[in-house]
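The letters A, B, C, D, E, F, G, H, I, J, K and L name the chains in turn, as written, and every chain counts its residues from 1.
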């Protein structure tokens, strides 16, 4: 871990299953174009309600990855 | 989505099962008296501990619904 | 202004015109059912974008009114 | 304390006596229409000054009560 | 709105006209390279003063768009 | 821009017209006694409501100016 | 309350008696040089402890007054 | 005050009398096992309500003391 | 619940399974040395990513327990 | 430290050398007109970048001094 | 400074030397791919500890640059 | 890094030299009684001023260490 620089981007994952799945969906999507992801931080948890039920969970995370 | 007005109320759902269930419990309870709920935002997650174990999860959410 | 008690509710006004109109829309709507509104505080300003343009401004305010 | 749902409302109590009296005034007023109040949280303390003296203390609290 | 992932970027729009124009300037600029912008959130409003007058308004927003 | 020191003061402008006018009112007033104002930051937007309408907008800003 | 401008300053009152007295001490002191004080907001409450007892309460407030 | 190191712990004092008594209760309790307490900061004020009256005030403070 | 004093400590639980398991891991670990734990509050949720997947969830909580 | 009242002002020091020098520059400048400065608190650290290098560090502090 | 739009990105610089070096490392790295960087803001300072000593300082900054 | 639990404590280091030395002083002091310290986070930077000069820097950090 010598003098690295990391970039943090902000993603919102959406899932009909739940909070954790929304985060995993965002990380999986980001992994298709970003190598070297190192950590995430949860920023906000929201969701849409339809007909009295939670239709989508939406979790916003920051993801940090090594700049090469 | 013409010029609507939404009201946001703050609810705390309680559950012995977990975070997500506490939120769903709060939304289900609110749906009995409020129509047109549209979204929620998680504000705070707490819980009670008894005899070294988590007895109840308590999640506070804001729920937004259309004023008619 | 003797020992009054005020209640504060949270409203989100929506407007295609702009920020200020969204706030005025929320206050106008609330005035139909609430007397004695005294002040408001802006909490959050958001909006929807469609086709590269701002379609709706959404401003969340707290409104305080005298409990009678 | 089985799986209850609580609602939290925001009140501002006003008092010429002091901070604590402003909170008690708000709780007493709310107790006239709300049963089952369970807890409060202080959000903000402000006041009006007139002629160099504090004329009114204004304390904003959130009050949580059981939804039945 | 199936299980999408959104990215949020932070932009500061500048305008000599006012707050709302600064936001619209930022959204218009971003729309030249980003498709599928869905929402924005106002983060901060600042401005430069010159010779006792407001010369530029600077509004920082977050813009969310669908990752494809 | 060599090693300057700036002072920041907090002002609340009031206007019956709107948010932006309240800010410009505060800056105009301050410019009568302060030279070298350089920037402002919006801290809070509130207002008074009377008879169901917004009577005054009150915007609190910080204003930075060069200490000479 | 036509288009006034208010200035807010930050004061820390100290008192061996308690929180409320620390605030009143700060307001009384400020009233000697500032006319037209209109409101205060409590920002922070701290204190010094000596020999296991609270020796001084220190309450930081913002005080708003009309600029003339 | 040469190069000391202080530790800060977080305590919640409870009192049926009021805010200030809750803080003093927490400090008195801590003084039984901690020497050299130097300052406190109020973090949060809450309370329990029973039968429409405030039954307990609960004030959370941070207490700083010299590490020896 | 007479005039008790509670201490709050901050723990970070780590789990390869998920958010809720990370919290339960922290509470279980703490229960080995602390009696009388009463509640927890979630402060922050983070995690490590390795090879495009979430390897560990890390949830920071505050735990409150009765000082005896 | 009998019942004193302190005033806090907000300053931004600028330095081409670094963070600490920016703070010391602000304190040195303020000491020319203010006696009895007692403490400072760092509020924000920013800076200007020119041609890929940090040209100026700008640190905003609050400075507390005794009102006499 | 006509009606520009700026983008802000979030970087974490790491350094074994100290805070300021961690920031300069992040700015130097970013300058290899970004022209027109204009300012930075410090968001968070953390670090790793190994064998009782600080091994790496990690400072998170936002960097603003002109969108062309 | 299997399912560990970390404890975070809050320390304030004091130094007449500067910010970084205050942090290193706090970590060095803590290392005498705590093994397995893993990371720190800067919470607040303050200082005392005497006779127009900074006499002591005081930096508050959280330190995380592995619970064994």
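Keep in mind that, in the parts below, contacts are C-beta pairs under 8 Å (C-beta built on N, C-alpha and C of every residue); 3 or more make two chains touch, one makes a residue touch a chain.
Note that the structure is predicted; figures quoted are calculated from it, not measured.
Visitor: Going by more than half of the contact pairs matching by residue number, which of C-F, F-J or G-H reproduces the interface of G-J?
Guide: F-J
Visitor: Chain B and chain H share one sequence, so how far apart are they rotationally when you fit their Cα atoms? Give it in degrees, rounded to a multiple of 5.
Guide: The two chains, chain B and chain H, differ by a rotation of 180 degrees.
Visitor: Mind checking the centre-to-centre distance between chain C and chain J? Centres are C-alpha means, answer in whole Å.
Guide: Roughly 38 Å separates the two chain centres.
Visitor: Centroid of chain J to centroid of chain L, CA atoms only: how many Å?
Guide: Roughly 22 Å separates the two chain centres.
Visitor: Counting in whole Å, what is the centre-to-centre distance of chain B and chain J, each centre being its mean C-alpha position?
Guide: 44
Visitor: What residues in chain H touch two or more of the other chains?
Guide: 9-10, 19, 48
Visitor: If you go through all the chains, which pairs of them touch?
Guide: A-B, A-E, A-I, A-K, B-C, B-D, B-I, C-D, C-E, C-F, D-G, D-H, E-F, E-K, F-G, F-J, G-H, G-J, H-I, H-L, I-L, J-K, J-L, K-L
Visitor: Which positions of chain J touch chain L when the two form their complex?
Guide: Of all residues in chain J, those touching chain L are 19-20, 23-24, 27-28, 31, 37-42, 63.
Visitor: Hey, which residues of chain B end up touching chain C in the complex?
Guide: Interface residues on the chain B side: 1-10, 62, 64, 67.
Visitor: Where on chain J does chain K make contact in their complex?
Guide: 18-19, 44-49, 52-54
Visitor: Could you list, by residue number, the parts of chain A that touch chain E in their complex?
Guide: The contact residues of chain A facing chain E are 9-16, 25-26, 29-30, 48, 55-56, 60.
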